[in-house]
Amino acid sequence: MKKFTKKIIVSAVSALLLTSGAAVAETEINIAGWGAKSGPLRSFGINSEAVMSAAVARVNEMGGVKLADGSMAKLTYNYSDSACNAEQAIAVARKEAAEGKSLIGIGPTCSGAAAAMFGVFQKQVDDTGDTGLQYPILTDTAVRNGLAKISQWTFRNTPNEPEMYDRLWAWIAENNPDLKTIYGGTETDQGHSNGTYSKVIVQAATRHGFTWATGDIEGLTGDIASGYKEVLNSSSNWLQADASFSVQARAFRRSNADVLIISSHPFTTCGMLKELSRQKVKPKMIVGLTSSSSAEVMKGCAAEAEGMIIPTSFAPITEAAAEVAALATANGGDADLHSAAVWENVMIIKQVIENVGITGDPDMIEQERRMIRDGLAALTETDGLLGKITRVQDEGEALKPYVFVQAQSGSWNVIHDPR
Amino acid sequence: MNFDHIDIIQSLIDGVLFGSIYALIGLGFTLIFGAMHKLNLAYAASSIAGAYSGLMSLTIFGLPPLMAFIIGPIMSGVIGLILYFVCFRFMPRGNHLAPLMASIGALFFIDELIIHETSGSPMSFPAILPDAYFFLGEFGIRGDLLLVMGFSFILMAIVMLLLYRTKLGLGTRATSQQPVAALLCGIPIHRTNSATFILAGVLGGFAGCLLAASVGVLSPLLTLPLTVKGLIVTVIGGLGSIRGAIVAGFAVGAAESIFLLVRGVNERDIYVFLLLFLFLVLRPNGLFGTTINRD
Amino acid sequence: MLEVRNLVKHFGGVRAVDGLDFKIQQGEVFGLIGPNGSGKSTTVNLVCGVFAPTDGEILLDGIDLGAIAPHNRVDAGVARTFQNIRLFSELTVWQNLWVAWRDQPGQEQGWVSNWFGRSPARRQEIQKLLEFSGLGDKADHLAGNLAFGEQRRLELARAMASKPKLILLDEPAAGMNSAEIKDLCQRVLAMKEMGMTVLLVEHVMELVMNVTDRITVLNFGKPIAQGTPIEIQNNKLVQEAYFGSAENAHGGVS
Amino acid sequence: MTYLLGILQTIGVHTLLGLSAYLLLLTGQLSLAQVGFFAIGAYVSGILTVIFSWNIFAALALGSLMAGFFAFLVGFPALRVKGLMLVVATISFSEIVRLFFFNLSWRVNVNGVEVGPDSTQGFREIRYFAANGWEQIHIVGLIWFVVMVVMLALWWLDQVRAGAVLRAVGTDELAAQSSGINLTMVKVAAMTGGGVIAGIGGGLFAHSTTYVDHHTFVILLATFAVSYPIIGGLRSVIGTLLAVIFIQGFIIEGLRFMGDYRNLIFGLLIILVMNMRPQGLLDGHLVADIRKLLSKLTKGGKADA
């Protein structure tokens, strides 16, 4: 027992010496990351952390970030688990905001957790009557439509789906004039899959001349969200933990559509694809949801996914992107459209820090967080892994370059690069 | 959605076939509940864990796919035994809440362990008869699920044989009805319970593998729905009734499929649960449950 | 006061009670005896409403008990004890009586104070009943921690707490030694003196023969004899059915 | 401080959830319907403040009354069955409620902005607190005021006959019925009370997280609700609070330093606790010991004075 106590004291003292020594040596700028590292979405957290650690290491290799006085500061990060849970995401956000250590946060994973978390932030800056958190967030993962609008402190670097699917259908129409009809379904209890499917994908297809295979849908005009309830009613849908797809696959088969749309996350995408192949449904083309353009689909059902086309904001097609993919793998994760954004986010943060010029003084952290927020809001353009990322000014959303990928013998290959 | 009587029959077929999986899980729940009158909420999780270990053994040792269906049940049986010791064996006999809670803890642990090992990613599971899809006139039938249905009947027969024709079964039934008396009569009650947990575990592992094979993908997302389905099947069938569990499995599968067709996926489960609620209230002894009147 | 007419109860194929008739007079101690499985406990359970009869009637002062919900039979004036003691073991001794407590007719407290009040007067009355039951100094003990004999006494006190007209004692002497049985005899007689009517289901002849006024003997769910203790002791039929073989002569085993 | 207050909010809300299950567990009924009542309270009070611009107190009150009303309605049929059947019946109730809100889309234009529950997209911006200038300390104060009132009420219940009756039903239903207790009435009353408590907890939850969707109210949360009183022990209301602090404060937030192993340890710790203290953290013996200690201390104090 005594030995143990001694050990603790020794290690505590040495830890103290180490940290104080470090503090003297150089200023540190800390970024907080959080996301799902427990629960079924653990891979999201692992991938994000893997990329984050690589990005931070890269910044430091290049000398760190430049502060207002011209000195260089080291970048550090810490990554927390918030599961896919609103309460945990809020708790971590509060912790990071209160501890006064991190300058900015990158997280959380799920759209539901993000919707709740963004809600406890101050809605409009300088609204003294609003007691929400005042801490900047630059999210990498939560894709659901319109989240960043919830607070002026929250920003996203996530793919812009309306734009991507619009271009995708235009491209399909141009290159495959023989394809006319569409049919599909989504996991209705998943906000992102459902919203993107019923408000974005089907409308974009309609805009480019595709018709619904089982007859016209009332109210569907091609405008975003037009007739979305009817779209859902006319489709054959499932839930995100469903395991049986017989009825849905049969509806897909009967529709005889040229293009089938499967708007869901990897688990049910695979379940549905497997049932389609079991029922020997062979559409001319399958279009999927952005989030399924990840390694998970390849682990779950590479054979059945063969030929599926998905627009995505990440593919290792540039030198930088390929490098990030390699670094992520080296760190035990995968770079995909969600996690690769973390790399861009770290670089954006570095750029903003250098644009606005901060001191890195822990006592000034609140003012400097505000400066970073304003810097992010003022940022109109930045370099991403696939090209220039621009910003939708009033919403805090990003407009990212994207490519179309297709599942081909076990991997996602770029079949069209609209950049 | 438009549908006619052919669609209804077709979705009945789909539902009953897929219900075989529920039947198998319900069988294991029933077995444990029948033996100990205690609820093992980690049961479905251990079944899925069995399927995972079967799958992993394939990649680690490079075994042929069929071995997953052997290793899975064995591992699940081992997990069942561990669960018995960790959550039930040392709990006070009259206390129903403590083992229940411990099994919830075990459910969380098993789930997270799987997630830790796989990052939660869905994994492809070898299919049985991947190309067997028959067309009977207008109707389509999945060959693999037909096989699962066959298995569920065979396993039901085996369990019934074990329960009613062997000494182990005699012990299980005696322990279930009068644990103290059974103990006094020299029946090794802990050994009997261990055997029941192993047997149920093996059954569950088999069900887990068959579920994974028929979906084609294995994911930790499956555990909670499977737990709930298992409970539903157990009560609809009548607590402790083996054939009740089988019939209830088919019935639940059919009900889901029909409501999916008729009311769509958003309302499907509302009707299933409404029906379940009414069933419980109006027929609390289940399909084949015996009325317990004397104490 | 209690009249049982052609009472029948079947469990599946088993005829636990098969056409039972008897009448208990106001203020008497009525014995119901018979070999194991002859339907005595089932009869008690039928009177209390634990089971619904397959056929027949149970009348209390001319009122059909069958139309009264089981928990309301207490207010109608029926209380009971159990063969295998069933106390609220997690509650204290006095709380056990508190749960079952009914105020004297005419002195009932209002609904609110009955459920949410802590009337000291009531507490005193409960204490009196505990003193009577020889548990006065155990009021704050947990019921589950009492000795066996004390638990029996507490169960009896709990039945008395609801001020019943008729009290059903289901084998109250099971497992008692002879000193405890003597004490029980005194208690039953005291209850009789207090004006309660008692239906006593029992194996222990020492108790039955000493306290009952009249006895009905059951076999296979049917009454085979009725009369005073002396008459029953001398009844040939009873001796055959009940004391039939020498090995079974010790009735105390249950 | 914000962080600590945030955790206090979570602990407070979960304590209410746990106490609602505790009340019913006293009568021996294991119900997973609490999350359904919690959801009703959350949505109803959220709709009232967001769409109808009600005051928070009125909204919380009506939300919890609605939850209590549904608890009352579902109590009659559900409590006819016991044990595993009750577990499954209450699971179906909670799922029906959840799926109802999953399908509920009620979008209204308030001050130029579309607000209200939007089925799968969730119910966003339940921002009464922040929009009305409540500091976090006020929110925590409100939540803990409610927690204290509920705990006091439940403690008081244990001092009067009603509490003894609840526990009597929980110990032995047959004996309670034979002592003249109307089992259905007692259980339904406990269910209703539990519904009111869960309902107000739900309302506070919705307003302190600002967002709810149907994923929030899955059966997993119902499992947590019953876990608290079981892990804490049924002897005293304090047990439930202790268990919430143990799970939410210690395992979930306190073990963050364990990183990846935190979520693995979660399940193991629950198993361990149940094996070591099958009657809960705060069981009968511990309660008796604490009482003795307290009385010794107060007596000692008197002697000194």
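Per-chain numbering from 1; labels A, B, C and D assigned in written order.
Convention: a contact is a pair of C-beta atoms (placed from the backbone, for glycine too) under 8 Å apart; a residue touches a chain by one contact, two chains touch by 3 or more.
Everything quoted here is computed from the prediction, not taken from an experiment.
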item	value
Label of the chain whose CA centroid is most distant from the centroid of chain B	C
Chain ID, smallest distance between chain and overall C-alpha centroids	D
Chain centre separation in whole Å, for chain D relative to chain A (CA means)	34
Inter-chain centre distance, chain A versus chain B - centres from mean C-alpha coordinates, in Å	37
Distance between chain centroids, defined by C-alpha means - chain A, chain C (Å)	72
Where chain C and chain D are represented by their mean Cα positions, the distance between them in whole Å	42
Contacts with two or more other chains, residues of chain A listed in rising order	38-39, 188-189
Multi-chain contact residues (two or more partners), chain B	112, 115-116, 224, 266, 269
Overlap residues in chain C, where contacts from two or more other chains coincide	none
Residues of chain D defined as touching chain A within the complex	1-7, 10, 102, 120-122, 124-127, 129-136, 209-216, 252-253, 256, 259-260, 262-263
Residue ranges of chain D touching chain C (in the complex, touch as defined)	159-162, 164-165, 167-168, 170-172, 174-183, 284
Residue ranges of chain C in contact with chain D within the complex	48, 50, 69-75, 79-80, 82, 86-91, 95-96, 98-102, 114-118, 142, 158, 161-162
Residue ranges of chain A in contact with chain B within the complex	38-43, 46, 188-189, 233, 236-244, 246-247, 250-251, 266-267, 270-271, 274-275, 278-280, 295-296, 299-302, 304
Chain D-touching residues of chain A, taken from the complex the two chains share	37-39, 80-81, 83, 86-88, 90-91, 94-95, 97-99, 112, 115-116, 119-120, 122-123, 129-133, 144-145, 150, 188-191, 194-195
